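Scrolling down, you'll hit the structures one after another.
Look at the two complexes coming up: subunit A is in both, with subunit B in one and subunit C in the other.
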Partner chain A sequence: MSACSVTLETLPQHPEGKEILTCLQCGVCAGACPYGDVMEYPPRRMIAMMRAGMQEKVFTSDSLLSCVACYACMAKCPRGIRLTEILLPLMKEQTLAYLPELPAELQRALQNTLRYGNPMGEPSRKRAAWVKTAGVPIRSFAEDRRPADALWFVECYTSYYPRGQDNSRATARLFHRLGVDYAILGNEEKCAGECGRLTWEPGLFETLMDYNMAVFQKYQFNRVVTSCPHAHNAFKNRYPVLGFNWALEHVTPFLAKRLDGLNALLTRKLPYLVTYHDSCCLGRQNEFYEAPRQLLRAIPGVKLVEMVHNRVNSLCCGGGGGGMWLDTYFKAKGYERLSERRVREAVATGADILAVSCPYEISRFEDALKVLGYDKRMMVRDVTELLAEAMEE
Partner chain B sequence: MTRYAGGLPGVAVAREYKYMCSDPGQELIRQDIRDHGLDRIVVAACSPHLHEHTFRQAVALGGLNPYYFHMVNLREHDAWVHTDKAAATEKAMDLVRAAVRRVKWHVPLEPRQVSIQADVLVVGGGIAGIDAALTLANAGKHVYLVEREPTIGGHMAQFDKTFPTLDCAACILTPKMTAVKAHRNITLWTMAEVRQVEGYVGNFSVTVCRKPRYVLEDLCVGCLECIQACVYKQAKVPDAFNLGLGKRKPVYIPFPQAVPQVVVIDPETCIEFKSGKCKKTCVEVCAERHAIDFHQKEEIRTIQVGAIVLATGFEVFDAARIPYYGYGLYPNVYTALEVERLVNASGPTGGEILLRDGRKPATVGIVHCVGSRDEHTNRYCSRVCCMYSLKLAHLIKEKTGAEVYSFYIDVRAPGKAFEEFYNRVAEEGVIFIRGKVADIYPAGNGDGRVILQAEDTLLGMVRKIPVDMVVLSTGLEPRADAAAVRRLFNIGCSSEGFFLERHPKLAPVNTFADGIFMAGCCQGPKDIPDTVAQSGAAAAQALALIDAGVVELEPNTAHVVEDACSGCKTCIPLCPYSAISFVEEKRAYINEILCKGCGTCVAACPSGSIRQNLFEDEEIFDEIEGLLVPA
Partner chain C sequence: MHILVLLKMAPDVVEDLEIAPGGKALDLDCLRMILSESDDHALEQALLLKERHGAKITALALDAPEVDDALFTAAAKGADRVMKVVGMDPGFTTREAARYFSQAIAEEPGLLPADLILTGVQAIDDLDGLVAPIVADGLRMPYLGIVTGVALEASAQAARAIKEYPAGVRGEFLVQLPAVLGIQAAEKPPRYVPVAKVRAAMKSVKIECSQALTLADGGLPLVGVVEMKRNEPAGHAEMLEGKPDQVSGQLCGILAERGLF
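Moving on, here comes the complex of A and B:
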């Protein structure tokens, strides 16, 4: 049974729903939740209330708005209840439906995604504009439909944001030098929609899913490689109901598998002390803890240090589950910004680079560093950017 | 079914009866034998494993040879494994048809009787093995107690006090340990392991390997002068008995009350082993006792025993497997077993609870269920951690006056005087917080304190409590080599890896191998009272077996048809039990006592001159045909 077709009403009939009957009420979810101390009903209480038939009360509180889909509760739940995968998004749908109006920032992002295929509302015909600045040839299927081994699904932030484009340019250079046989969708690509799903608007999510699947089916390729852990999540968990069955990889583990080839290319010494932030979707959700670290260690001169919270225990940047567009809302409620909590830990390591693998994090952490006045002490770089920098021309 | 069976050729009467194994059911069989002059019986019902013996008995009481009987397993072979009722019914008919055709070939047989070796092997010298060995020895049996470590005692020897009564562990254990050593009916082999087990119930032949301790047990008087004299002036090697919290020299005794009171030399760290150039001050001081022998070799012994008691115990869960609890990363995060050593007067701190930096903790957090009740580690409850956590909370409070927080999910205190103990510890002011700890991280001010973060589920708020010391109440796990030991003794393990009992309620200390029993934590987590109850039960089972003097074995042995054997010897090397010999320079002979009825030789014999009781060719072929021909 695919997670996609489970609704809150039908949940009790599914194995996923039976799981909540086993909840021990141990509270590890609340203790692990980055907003556990401000959430009115953390997952433990939601489950208790559902079991007592009091779900209305949960939906009319705004508890679920502060769920940033970081998988921290799920990773530690002793009963293995798939909170972040199934229960919480379903509950969040309901909560949003009960809200008199969506927080404006979120509303705008969702509308933009529906209209332009990206949350920032940029014109879709400019999606592939960055390609010209990459400095290496990049094939687009629309122009040359010959089969390719890999379809590189670039995603929104990496297409439009200047700092996201740095990541894309780096990836393109790495692919080029490694001789990866790939193509992109160019302007035909639209947001994979993962956060659209998590923040409700299932209609929006389905529209994007139908659209992207139709485009995929036009071309021939063996695997999908994406720069965005959230798109990876959507393809892995949601798209298969529509027949998505290509091999799927995120750029970071994809490159880690090609370390042998990479090693020869990484010739420039980068004298950096680096700390790596495990993104929730790549880390806790997919357990790619070692791949990014292997890549960083492969760069001559780079030294790695760990933050107190790393790997399965990593602290979320606060951008998942729609959190990307709820900063104003959280601020109004007086919540601590999670990205600030995270960069404080990063700065405490003494590192000069905070390395990331998720496009959400660049802007969130750069902003947090600025707000806290650490932007002179620490820079945020995607792993791919560092790899590309270590390649001599 | 009954109608169908009644119509099969050769069937005189077919009946359905709900409780065939009950007395009236069995009486029915006897009555039918009398009334109808039956000469073969087939029962199609539950598992032969449970009831074949019952029905053979009934057949015998009806006046027939008990082997004029065959049982069809409609339970595991049919009803329990299929969901399509109609197809399962057809399969039942097929099985009955096959059995009816088979049973007509059955010949009268007599069960074999073999005598029993009176000695017993006990494997593992923790409290379970010690207690079983003493009980058996007191009953006059000779016991071989085989222990892997240099001393017996197991985990209990590492504790200071025991819940719920707070008896001093050493005070109750040491007398038993010395009794083992002194008992004339017990042969104690430490640093020893079982290598091979052959034979069968009543007649096991067991090969034991004794590793060298480089000290001759008969000559060492336990004066410990060699330890004093060792060229290592300081103890430098992390000491396993103290879980690395203390240090020992290359020549050492695990703990003051160790049994046997004989030192051990560790070849990994002893200079003489490494360079051959040590001054050997130990040998000098041992003088005319000559107990030290750097050339001691491993020794292999083979013993004959009638029964075996396995008491190999458990291992504690490796806390480093839960990275967010910081074990191995933050020096003030300890496991419960480590804290047992810290509170123990003979431990590395002389019984004072001191942190690694020498400070006395002022706040302590105890974390329950580490590696228990968790899908990511072990699903089961380890049963003793709640109680030992209460014990440690009490001891820590008593010894340091620290503020103690105990983070629990449920406090499980179901034994005699357990709840009362919980009550007492609560009264003493230990603070109980109901919530599973979600995160442990440094408090950040460089003083070594860590923060325990958990939801206090009863208050409905997340709490972050800074403490000086964390105690992780780690669960109990099967030994790392449990699967290898299981294969060695040919017994089963349940899914989590502990040894499997023959029946969870009615045969809790029996394994699936006749004559092999088990006791203590090798069967599953349990406390000392339950462990000792099991070792008594296992000893009683072994005694009952041995004192019967003989065992009855299935007459399912193979035999050579003398005139047909061509003397090719194909069968001889194939027999896993070495039961076949070559006699009179011309033919194979099978020793009935040694034959286990595996059938290998029967299948291998090129001239078809080996046959096997209960598996005669006619029986098998007709059974197969019965199964395959259409109804």
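Moving on, here comes the complex of A and C:
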């Protein structure tokens, strides 16, 4: 189904729309939804109301503001209805049209993403500034147009957010030691826009998609490797409508496929007890459950323990679907922050490292650890950071 | 009711600013331009008045990089007509900007009569806030600046404008229309417009162009730039480290040493 051609009006004519009409009203989606207990209209009721022609009531409520696009409803639906991919974004788009005012934090993030190509409102011309701190050479296509095997699409938090840059520096070191033939887009890169679409902003998403595709087509490469599961999601599921047909990989499974080469490099023992958080996009949406665990087990000294909710049952960090920029709004409504819920589970394992594979999670979980007073007991580290640490210089 | 909103692009300070060789102006080639923040508020105030009373809004901008995006966004938000003044020499002064606006308002059909002319009271490159009063003077209209709210009288012959003063004092002014108002802040923050609407406006809305006329020579400028340079950091922050009692001890020592006790 094209990302651009479907509206709520035309939805019932598409196979996916017909699928929604077959909903059993079992309510598993509402039970699986991390905010299902506080939504005025949880997913089951949304479907029932849409079928009854009462969708305007849903749009005028703020129920869809709480959808963090975690794919839990979709993963659990016994009929396989693709709620997170199809119905919820279309309904969110209508909610935006009805909202008298967007929450200020979200509005700023969307405006920044449109203007500067990143939600933080950082200068677009400094997107690649972190490269100078990488400690290894990093080629940018803008400076050296020679073809490369891989285009590394770094993404926003990994380019600008200081702790996100640790992930980028680690990835650069790993690629360098593995001899990966890659280049980045540097300051030409803009956010892939996945959260734009899943937030409510298909126009923003299409603008970013048009822009990034035009930049991709300037250069020659065989595959796109990205540090961000959200970008991976966008490239895999949405960009193909504009001709995206390169091989695609997220950094974590990309590295797991090179474990033979990596094993020889992982010589430093890290005496860590690690618990791994499955990101929604990488896990439920793409079923990359084992790759990050394989990488963690390959690190000498690392012991892995699982949280109660893991793999398909993983709890969302609360950052998807615009949740990254709705913390203040959720706080004002009295909702529990999902990152805090998740961190409690992580701490309960006794682990001293919470390992992640999504750049959103570093800031969300580090904040949650501080808020709950667990920041001395547990650290948040990206899988790539741990791998890089385990490499001797 | 016809509301004319004057829009000006200003340097975007999120991106680095460079000073041009010669040291008297910003390097225009390195600048990114963005709609001046208080002009965005002027547009929002016009949209609020349109929602309350019904009005036709014309957005008139001076040509600059990215001005088309600002005008299409204005149209997507609800401006009925969008126009830009083109053909000016780059690097025009604030006074010249005001004169280009005045010229276009006088020359272009349909821009007058306007009941209200709203524009930002200041811009980061017009801290003196000269554009609105010079336009008002040229059009022989009353001017009121630093306005934070506007309500129309029932007769639509006058407006009540709110100004905020220090110490929590609020002033309400009655101004006969037509008038020029310098908006400091709209009654609500500028609204969000979905990008899809802006993209639709790009396809359906035509930005009219008004050719700037050569300005009559005003003689030697009364005020001119002598030098523009970056502030040089005079020192750096000193980070105090240690346990709280050690840090407080160090802090007391520094304050005493500098004669602040």
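Going forward, the second predicted complex is superposed on the first by the 391 of 393 C-alpha atoms of A that agree within 3 Å, B and C clash if a C-alpha of one lies under 4 Å from a C-alpha of the other, contacts with A are read in each partner's own complex, and residues count from 1 in each chain.
FYI, a residue touches a chain if its C-beta (ideal position, glycine included) is under 8 Å from a C-beta of that chain, and two chains touch if they have at least 3 such contacts.
Computed from a predicted model, the values in this text were never measured in an experiment.
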Checklist entry - Does subunit B (first) or subunit C (second) touch A:V28, or do both, or does neither? => result first
Checklist entry - If you stack the two complexes on chain A, which partner ends up touching A:R44: first (subunit B), second (subunit C), both, or neither? => result first
Checklist entry - In the superposed arrangement, does A:Q107 touch subunit B (first), subunit C (second), both or neither? => result second
Checklist entry - Counting only touches as set out at the top, which of subunit B and subunit C does A:A231 meet: first, second, both, neither? => result neither
Next on the checklist: With both complexes superposed on chain A, which partner does A:M91 reach: first (subunit B), second (subunit C), both or neither?
Outcome noted: neither
Checklist entry - First (subunit B), second (subunit C), both or neither: which does A:A148 touch? => result neither
Checklist entry - After lining up the shared chain so the two structures overlap, which partner does A:V343 touch, if you call subunit B first and subunit C second: first, second, both or neither? => result neither
Checklist outcome for this item: Residue positions on subunit A within touch of subunit C in the complex are 93, 96-97, 101-102, 104, 107, 110-111, 114-116, 121-126, 200-204, 206-207
Next on the checklist: Help me check something: in the complex, which residues belonging to subunit A touch subunit B?
Outcome noted: 24-32, 36-37, 42, 44-45, 76-80, 308-309, 311-313, 348
Item to check | subunit A contact footprint on subunit B (complex, rising order) | outcome: 323-324, 369, 373-376, 409-410, 434-439, 441-442, 444, 453-457, 460-462
Next on the checklist: Residue numbers of subunit C touching subunit A in their complex, please.
Outcome noted: 14-16, 34, 188-189, 191-192, 194-199
